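Each of the next two complexes has chain A plus one more chain, namely chain B in the first and chain C in the second.
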Partner chain A sequence: MQALPLPRSLRPGFSLGGLIDGRGFDTLLVLTALGYLAVFSAWPLVYNLIMSLQEVDLFSLASFDRPFVGLDNYREVISAPEMPQILGNTAVFVIASVSLQLVLGFALALFFELRFPGASFLRGLFLAGWIMPPLVVGAIWSWILAGDFGVLNYALKSLGIIDENIFWLSDPARSLWSVIIANIWLGVPFNLILLSVGLAGIPEDLYEAAEMDGATRVQRFLTITLPLMRAQLGAVISLGTIFTLQQFDLFAGLTQGGPSNSSNVMQYWSWQLSFQEYQIGLGSVISVLMIGFVIGLAAIYVRSTRHEQVY
Partner chain B sequence: MGLNMTAKAALLAGAAGLLPLAASADPTVLDLWTIDDPGEYHYVLAKEFEEANPDIRINVRTVQFRDMINDLARAIAAGDAPDVTYVDNPEVALLASRGLLLDIAPRIEASEIVDKADIFPGPLSSVSWKDGIYGLPRGANTIALYYNADLFRAAGLNPDQPPQTWAELKSAAEALSDPDDNVYGLAFSAVATEEGTFQFLPWLQMAGGDYDKVDTEGGAKALGFWKSLLDEKLASPDTLIRSQWDSTATFNAGNAAMAISGPWELPRMAKDAQFEYRAALLPMPEAGGERASALGEGDNVILASTDHPDEAFRFLEFLYAQMPRVWNEFGYLPAADVTVENPQNEAIYRVFEESMKYARNRGPSPEWPQISKAIQGAMQSALTGQATPEEALATAQGKIDRVLD
Partner chain C sequence: MDRLKGNALMLAGILLAAIYLFPLYWMYVTALKSGTEIMAYPPSFWPEDPTPIFGEVWTRLQMASYLKNSVLIAGGTTVLVVLFGTGCAYAMSRVKSVWIDVALFAVLMMQVLPSSLMVTPIFVFFNQIGLMDWPRGAVILAQAAKMLPLYIVLTRAAFLQVPAELEEAALVDGNSRVGAFLTIMVPLARNGILVTGVLVFLQSFGEYVYARSMIGTRELQPATVGLQSFMGPNSSDWSGVMSYAAIYVTPVLAIFVLLQRRIVSGLTSGALK
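== the complex of A and B ==
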């Protein structure tokens, strides 16, 4: 931010008359953008923070005249008996989703770089998951994963892999992983596209030179592709984490966080507290904690790409 | 906020200024919110009411069932709440306790159409809060045991003698269940939503307990009974995540020999079920015990902020007077003692009609969603084996006590 030159209009000597002859136009643009951010980004964050310190229900949402309870809401959320399980589920959900999305997305991106006939068409097909509304994706996966009449159980049984139906969604040991599987499917296209763009930006002659020097395929990948993809990988991992923490519809469509919280995660819990139990103060606490986490993550990402090299 | 309101007022004033003629001769307009779609209860009856009362116009708006309370809260905060709305039974106390609904007890007292004594105790309790009455039920529903008479005969059971007690229910489920043919004995719903509470509460009440007292011996027995149905594969493990509608679909498809659900299933069952289906009252813990059943559907209520309480109450009276029609035309059970002429599905109607006498309200409590959540938590942690029924209900009781005190 500090590297940006000050717009002319913000420099000393600026007068309102500048607006008329067009010199103040950039001021207007900057103020519009700042105003937008203040109203639609900063204010909701601050409002959320305030609510997390108050006792709020649906009917006091619009007024500020609400009892302040200090950190009571935080204490209540942190000491809730389901907290450790849900926090653990969230960690598993994010780490498994993001890493497997990344591995699969990267593998597919490399695969489509081979430019075989039909590659671009097939790559386009992979976008299907990205285009479909997540609620629809949830409904489709709930048919696939259903225990008694699910498509997946039918396929596994026909192939002789299993004898007994697996209850993907209602077995507490599997429910979270079922949502993860659906979420990976949903997230791979995003990884694929972003990483494909990155791969396309690596100059071909680097590979040719390395090949002439006798570098193997693996060496080329490790010494050229991976380092040059650093920025894209960073972006994909941080954005993937943020998207994964926002994932809501799949939980609503597949398990509603159950059975018995076995597939519940922070974002869904926050919604349950706010809009099913109407304890909006408690729901806000979770969003504040999650925003804090995401800001920390974003800071790490920004730092790691600050000294990025342009080739 | 203040600025917003001023701006809105200015806009409204502007709009009124543009239409001076229309404004002068207008009938009273009542805003009505409903969960119905066009062609259903509120749309049909609002139209009939307008025809009978040319001085009142009803402006109907559909709101999604799950958004109703959130949208109402926002509208109340913004000062443009409807005059009349539909509210699900357990939510009446939430709104009434905050003074957001009009107490119509004095108007009912004076009414020539509504007689409080006719309303069944469950539905009456659902519109009552403290000493007031805050709405009129539009109808009701409850749950019963549907069973596949063909499968009963095939398993050597007598379809004229459906299970009366829990023990009989279980032995029937054992006899009917046929894993090789993908048939479970029973389909019901223990999902972690309000529907799960709706299904479990009658079992708890029959065995001795209620929403405010769940850690009873009977409660543990009821939950233990549910668990044995799942553990012995007499009901699908997906019972934990399936809604009543999805569970009953397996019954209609012939993959469950019995199902616990309500009258809203009947239109689909008539289409999908290729067998003879019947209904029976929910089985009791022991023969001759106390009956209980769930109470569903909702109420027509008037918002306290309305400018037209008299017209709104006339509309409520009109809706209430249609009670004898609700079964045949809209699929609800009457919530009051009225005579239904030529009921459709008569045998099944008689079962539900009797079941209505035992239907109990959920609550009332302004914190109902938190109580319901505690009950769902107990249900699911016991059924997944994470806690014994006793432990699970004790945990829930702790939460409920904190909410209620």
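== the complex of A and C ==
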């Protein structure tokens, strides 16, 4: 896009009239939105950090003068007996969700790229899963996964994969996987659509040239599709990880982190500490650590896509 | 030959979509089944004796109140987000400077903050300034902060599609900046604004974390919180739960079907920028 002839650089020092009509108008618009975000997003972040260094419980909740306890909260969280299990669960939840969403989403994207009649309509149907309230998705899956009368157990038994009913939600060995299954269902549409956009951007003649040179389907996939999809795959993986770490509603709808923390993850634990055990100082410690992780990840992602951006 | 292949692929595509959408189908089928049919083995995949209990569930669970609150929260959030975000998205699409880059980076970072982690400081902060006396308003304010970055990013992409020359012509013709923005730019970007606004509405219509954490009174809770307390830890009234879910999400699915094409293109245009 060509450079604009109108002078609209954001230099400090504009007149009051400029706010309405000159370059100050842009500044005003941007600052209004940023002001809102500063009060309701940025300040809570700072406040979170402060609270993580304080003793905050039901009694000191409304007080502005809470005792500082240094890094005591951090020590308490890190040495908590459930910490290793929940941290491990979080890693399994993220890695399993993101990788399986990616594999399924990519396979579906490749399939719908075959351009048969109705392909784009059928692909669009998958987005229905993306638009659903996650808590309702949790409710539906908790019925599908139900031990006695759940339809998944019936399907697996009919196919001869299992002999005994699996109690997905109450068996500590499976509970985390029941949330992962539902989360994959939620995440597949997003992967499918983003990867389809990437696939559509690969020039057709590359494939034709390779085919003429005698490249097999697998070779074409490995030497053309994969390298050219690097940016999209990176985007899907980083955004998938970020969205997976935001997942809360499925845990509330399916297992509530149980039984005995077998399906608990950091973001749910933080909420439990704050809103069920009222140890708000501890809740904010986990919140600070996890938000730091998510922002770090997002920053890496945004920086890595910078050179591809067209402003 | 090619036609045969195309039809075979289409059949496979229909099968894949059917497998994927099965949970939604199962929700509706279960909602229509009687109590005994739900416990039947093997399960029936078509209700033998459809017994709709939507009306009964609607009144017994006072869904009118829950849904009213959901609409209120989603509507309030959408209004706030559109008011605060549209101008910002516009300015960010037109101005090129280091400061705008920095601001855009900050917005992108705020887009990824998980609600379940933000709710702790937001709750204490709102509690201290007395906002908890208006719990639904508190949820709207928090949810708008969650949705605003997404709205700015997607709407900015819509404004980028509008040729700058149109606005410049309007300015040369004597329009003020405000006038050109409101009468030229916003109408030209209205498709993007509308689709993104609908997305914000739908997402907020299904909001759970903030409402669960900040709204204690039953009369003020939205449908997600209502569904969760109805299910409880060991519910077995599955036809009731699925009827509730069906009533709740059918409007969402209807809007989705109507706007599907636009939603897809709106999302993909902004998703990678």
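Simple rule for what comes next: the second predicted complex is superposed on the first by the 255 of 311 C-alpha atoms of A that agree within 3 Å, B and C clash if a C-alpha of one lies under 4 Å from a C-alpha of the other, contacts with A are read in each partner's own complex, and residues count from 1 in each chain.
Throughout what follows, a residue touches a chain if its C-beta (ideal position, glycine included) is under 8 Å from a C-beta of that chain, and two chains touch if they have at least 3 such contacts.
These numbers were taken from a predicted model, which means no experiment stands behind them.
Using the contact criterion defined above for the overlaid structures, shared-chain residue A:F68 touches neither chain B nor chain C, since it reaches no partner. By the touch criterion stated above, A:T305 is placed in contact with chain C alone, chain B being left untouched. After overlaying the two complexes on the shared chain, residue contacts for A:D26 are found with chain C alone; chain B is out of touch. Of the two partner chains placed by superposition, chain B and chain C are both touched by A:Q256. When both complexes are overlaid on chain A, the residue A:S270 reaches chain C alone and has no touch with chain B. Of the two partner chains placed by superposition, only chain C is touched by A:L34; chain B is not.
Of the two partner chains placed by superposition, only chain C is touched by A:P134; chain B is not. In the superposed pair of complexes, A:F59 makes contact with chain B only, with no contact to chain C. Of the two partners chain B and chain C, it is C that touches the larger number of chain A residues. Judged by the document's definition of touching, chain A residues 61-62, 146, 148-149, 256, 275 lie at the interface with chain B and also at the interface with chain C. Within the complex formed with chain A, the chain C residues making contact are 5-7, 9-10, 12-14, 16-17, 20-21, 23-24, 26-27, 30, 38-39, 41-43, 80, 84-85, 87-88, 90-92, 94-97, 99-100, 103, 105-125, 127-128, 141-142, 144-146, 148-149, 152, 160, 164, 168, 171, 176-178, 181, 202, 205-206, 208-209, 212-213, 224, 227-228, 231, 233, 238, 241-242, 245, 248-249, 252-253, 256, 260-261, 263-264, 267-268, 271-273. Residue ranges on chain A touching chain C, taken from their complex, read 1, 3-6, 8-10, 20-22, 25-30, 32-34, 36-37, 40-45, 47-48, 51, 56, 61-62, 64, 108, 111-112, 114, 116-119, 122, 124-129, 131-137, 139-144, 146, 148-149, 151, 154, 158, 185, 188, 193-194, 197, 231-232, 235, 242, 245-246, 248-249, 252-253, 256, 267-268, 270-271, 274-275, 280, 283-284, 286-287, 290-291, 294-295, 297-299, 302, 305, 308-311. By the touch criterion stated above, chain B contacts chain A in their complex at residues 1, 69-70, 73-74, 76-78, 94, 98, 100, 182, 191-193, 236-241, 250, 255, 369-370, 373, 377, 380-381, 383-384, 386, 395. Put simply, chain A touches chain B in their complex at residues 58-59, 61-63, 81-82, 146-149, 167, 169-172, 175, 255-262, 272, 275-279.
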